Each structure stands twice: as structure tokens, then as C-alpha cells.
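Take a look at the structure below.
A, B, C and D label the chains in the order they appear, each numbered from 1.
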Amino acid sequence: MTDLIVRPLRPEDASAWHRLWAAYLDFYDTSVPAETYDITFARLLHGGDPNMGCRLALSGGQAVGLVHFIFHRHCWKPENVCYLQDLYADPAMRGRGVGRALIEAVYAVADSRGTPSVYWLTQDSNETARQLYDRIGQPTPFVKYVRG
Amino acid sequence: MTDLIVRPLRPEDASAWHRLWAAYLDFYDTSVPAETYDITFARLLHGGDPNMGCRLALSGGQAVGLVHFIFHRHCWKPENVCYLQDLYADPAMRGRGVGRALIEAVYAVADSRGTPSVYWLTQDSNETARQLYDRIGQPTPFVKYVRG
Amino acid sequence: MTDLIVRPLRPEDASAWHRLWAAYLDFYDTSVPAETYDITFARLLHGGDPNMGCRLALSGGQAVGLVHFIFHRHCWKPENVCYLQDLYADPAMRGRGVGRALIEAVYAVADSRGTPSVYWLTQDSNETARQLYDRIGQPTPFVKYVRG
Amino acid sequence: MTDLIVRPLRPEDASAWHRLWAAYLDFYDTSVPAETYDITFARLLHGGDPNMGCRLALSGGQAVGLVHFIFHRHCWKPENVCYLQDLYADPAMRGRGVGRALIEAVYAVADSRGTPSVYWLTQDSNETARQLYDRIGQPTPFVKYVRG
């Protein structure tokens, strides 16, 4: 897909970003209040929160995917690590490299900050996503627990 | 275990903390350089890095366990979340509530900061730890991937 | 001035904020590149950078003033302090309480975060501003040096 | 002074650092509680708070001076600035380049982080200090106000 562009989030992307993220949250059967959209948008904007970032994928000038990432401390190493939290590609664009391009964009940002460790979490039953993840990353034996 | 005390890390705990953390890392067949011990110790000290913390468990005045935790952003909510990264109890003390007391101490810190979401990762084969985690937390279907 | 409203910065304030801040910078015979406008705007937005904030003053629905503030560490106390960096009121509105309302809004934010120490810097020859500052704050004998 | 060494703060410097900082605070007719010593020490340690740092000057193996610095946001530029907050040289060592060496060490740290703007505040009546500052930095017309 030669016309795919991946770039940081800008103020004028608000409605496109909102649409894509809502679709992503919907996939996880969840939603967030309007105020959280506003706050997270401000943090993800280019230049916003120093520990957060977003890349938008555009094809033919239309936003077709997004990725959100967060930098945080790690006890085992001096530098931060990068948590790739949200990844979404428009279903109409699946199989055309949007997901891979977005993950590779996060790798590039992480490298440029001197924090090359990138990780993410996925549902073990999400076979579609894992087909991509198994090619671009590595599964680990770690499972997530939350406070009861 | 009535004499168990859980408290923040202090400068004078350096050698006890080093011993316990080394044992923890050894359990994961890993190790970190001396400089990482120094840097992480400084960050975990009471008052150190604003997004990191440690609690030490003491019994009879001896350090018998530790927990490390990290606060970081989350796209889905305005407040931070708390990642409980390292948890260790001296094997000689197992079954006496050290692990539970340390996790509950993290819950209390997280609550006091207005960031009650606490999570952690564990190897799916770690049945001993999961017996405790299934009582004090909840497993999720999420598995971890790392950059390939 | 009973219709004065002071509130956090929102995405839709971009052009009004740009106009006011440019006027402020012009007063100091300076300017910043377009990219700095974008980055600082993202950081100042409600929910943006956790250590920065902005309040806009509006009268009759029109933006008539702004204040920018930054929280940072201080060696002498556990909590952060608040540096009120930029303060501007439309000259047409001078003498109507805009500056005072904006400074008091910063005091309120600082109090709500448990970091009540607020300070700012001003040119010693700026008599107009100092008339207000002498009423709402206190001068100190400290002068600023910069790297040569 | 050929034997002067300037290096980051280490855990074993606790008592020497305490002595020097107490002398500095005493010069300003102030003091801080024991807990603030502990918290600030943890933050200033090499690897502690990511936005704070300390350099100690040693001569003949003895600590003879210190400097504390803080990085924070600035609305006028994308990168942080560096606030050199505390600078102290043992009076017995005055005139031997300790102060200059410490300030230059801060300049070097600031440069290495890509935040070369360094500033500090001093009492306008502090003629001794200003003799040095006028050589290594530049005075500005800015005076400090604090919340009333």
C-alpha cells in the first residue's frame, strides 16, 4: 500500500481520531466518557504529555488506523520502556499493512528516545491480531492479573 | 504473623534490599548490572522517583520481602494506573502472609494517590504465585508480547 | 466586571489563545516558531502535560486574557512549586480585574494540587504590572541570572 | 586547584551532603525538617528523580561543595530548562574555583540532555556571589515575586 502515511496526531484530527478510537473501544465492548476523550486527546497530541504518543495512519488522506503508546519506568533497566496500549486499523483496510506500519512507527519512536523495549498485551483468543503479532513480535508466558 | 511490618524503603536498607531483589531476579534466571541496582535503589527510596515506589516487609527486624511498583499513564482513564512489577518473599517465610501483605500495601498506596487500578503480570506456569493471585486479584485473558 | 469567566484551555480556543499569546510575546519583543505554538498549545490544553496548565479569561464570550503555569520540583520542600510564567490581559480590558482573576485562578489550582507556593518573575522596570503584583503578591530580593 | 573532582551524588555521601546543605540553608537563615533532607536526598541521588540532580565537589577526598538543579517545562520552547537552585562551597575553599566548577558541571549536564538553558536566582545584595555570576553568567532585569 504505497500511499500509506503514518504521522503524529494534530489538533485537526480530533473527529477522525475520535471515530477510530471509539471503534477500537467498541471492539473491547467498552467506552469512555466524553471528558476522557478530551483529556486523552490533549495528552496524545504531538507535544502533549511527555510520556504518551499517538500515530495516525492515513490512506488517500483519510485516517484509517491509530496506535497509542505510553513510556514508563522499569525496575530492571535505567531507561524507560514503551507500552503499546491501543492499536486499531479500519476493518476495510485489514490485510494491507496498516497494523504493521503503526507498530513499526512505535518501534522507531521508541528507538529515537533510547527506550527500545516495546511491549503490548492482547487477549489470548484474538487469533487475527496474534497472526500479525507473531510475525512482528514475540509472545511471552506472562499473563495479566488485576486487583480483585 | 503478628510481627510483620511493611514500610517504605530507606537508605539503610541498601544491603537487605539488594539481597532480596537479587534472589527475586535469580528466580527469573536474570540479573542486572551493579549500576542498575544503584539507579533503581535511588528511584525506589522514599521520596525518589515520583512514579516509583517500594515496600519492604520486615519480621523480627529482618527484611523478608519486597514489592516494587510503578505508576504510569493509561489512555482509557484520566488518572494513572499502578503496575506492580516485582514481588518477592523469602522462601523461609512463604505461607505466612508476606506476599499478601505487600500486595495490600500497594493497594493502599494506589488508593491514597487516587489511582486505584493495580495490575501485574505473572508466568502462566507459576502455580505457586497464582494460588495467591487468584485470591487477592483476578486473572485476565491478556497475554504479553514483546518486540521481536 | 461581573461577566468575567476563567476556565481551562480547550481545543476550540486555538486561534484566540494564539492571538493573545502572540500579543504577550510581542510585549517582550520576542516570538516563537509555529511549531512551538503547536507544542505548547498541546501541553497547556486541559489534560495535556501533567506539569503545565493554562487559564483563559473570557468576557462576553471573548477571550481577553491568559495565564500559563508550570509545576516543578523544589529542593527545599517535598511538594512541587508553581511557576506562573506568562500573564496577559487585553489592553482594552486593563484595570478591570482580568490579571487579578487569572492569578487567583492559578492560586486555586495550586492549592487544589497541594502545592500552594506560587511565584513569578517580572522586569523590575515594569511598573504597571508591579502595581498589581505588589497587591496580590510580594516582591523578593531575588534577581535572575542566565547562563552566559 | 588540580585535585578538584566533581561527580554525582552517591548513597555514601549522605552525611557530607547533609553537612554542606545545612550550611547553605543556614546562610539563607532557613532550615528544613529531617524528612525533607531524606526526601530531597533520595531525589538528588544519581538515578533518583528524573528531573533533579546534584553534583558534589571533592578536594583531597573531602566534600567541599554542592550544587542542586531541577529541570522543568518552559512555555517558550519545546525542551526543558534547567534551574540551578542551590550552590554552596565551603568558605575555607572560597576563591579556588569550586563554585565555577560546579556551575560548569551543571552546564555540561544540561547540554547532555539537550536543555542548554540554565538559570538561577540570587539576592541582589549578594555581592560576593554576583562577582562570580557576572563572569560565568548574565544578570537579567527580572525580579522574583511570591504569592502574598
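FYI, a contact is a pair of C-beta atoms (placed from the backbone, for glycine too) under 8 Å apart; a residue touches a chain by one contact, two chains touch by 3 or more.
Predicted model, so just to flag it, every value in this text is computed and none were measured.
Chain centre most remote from that of chain C: B (centre = mean of CA atoms). Of all residue numbers seen at the chain A-chain B contact, over half occur in both copies; the interface is built from largely matching residues.
The distance from the centre of chain B to the centre of chain D, with each centre set as the mean of the Cα atoms, comes to 34 Å.
Centroid to centroid, with C-alpha atoms defining each point, chain C and chain D lie 27 Å apart.
Chain C has its Cα centroid 40 Å from the Cα centroid of chain B.
For chain A, residues that reach two or more other chains under the stated contact definition are 39-40, 43, 47, 49, 78. In terms of inter-chain touching, the protein chains here make up one closed cycle, each touching precisely two others. Chain pairs that touch, as defined above: A-B, A-C, B-D, C-D. Against chain C, in their complex, chain D makes its touches with residues 25, 30, 32, 35-36, 39-40, 43-44, 49, 51-52, 68, 70-78, 83, 85-86, 107, 116-125, 133, 135-148.
Every residue of chain B that touches chain D in the complex is listed here, in rising order: 10-11, 14, 38-43, 45-50.
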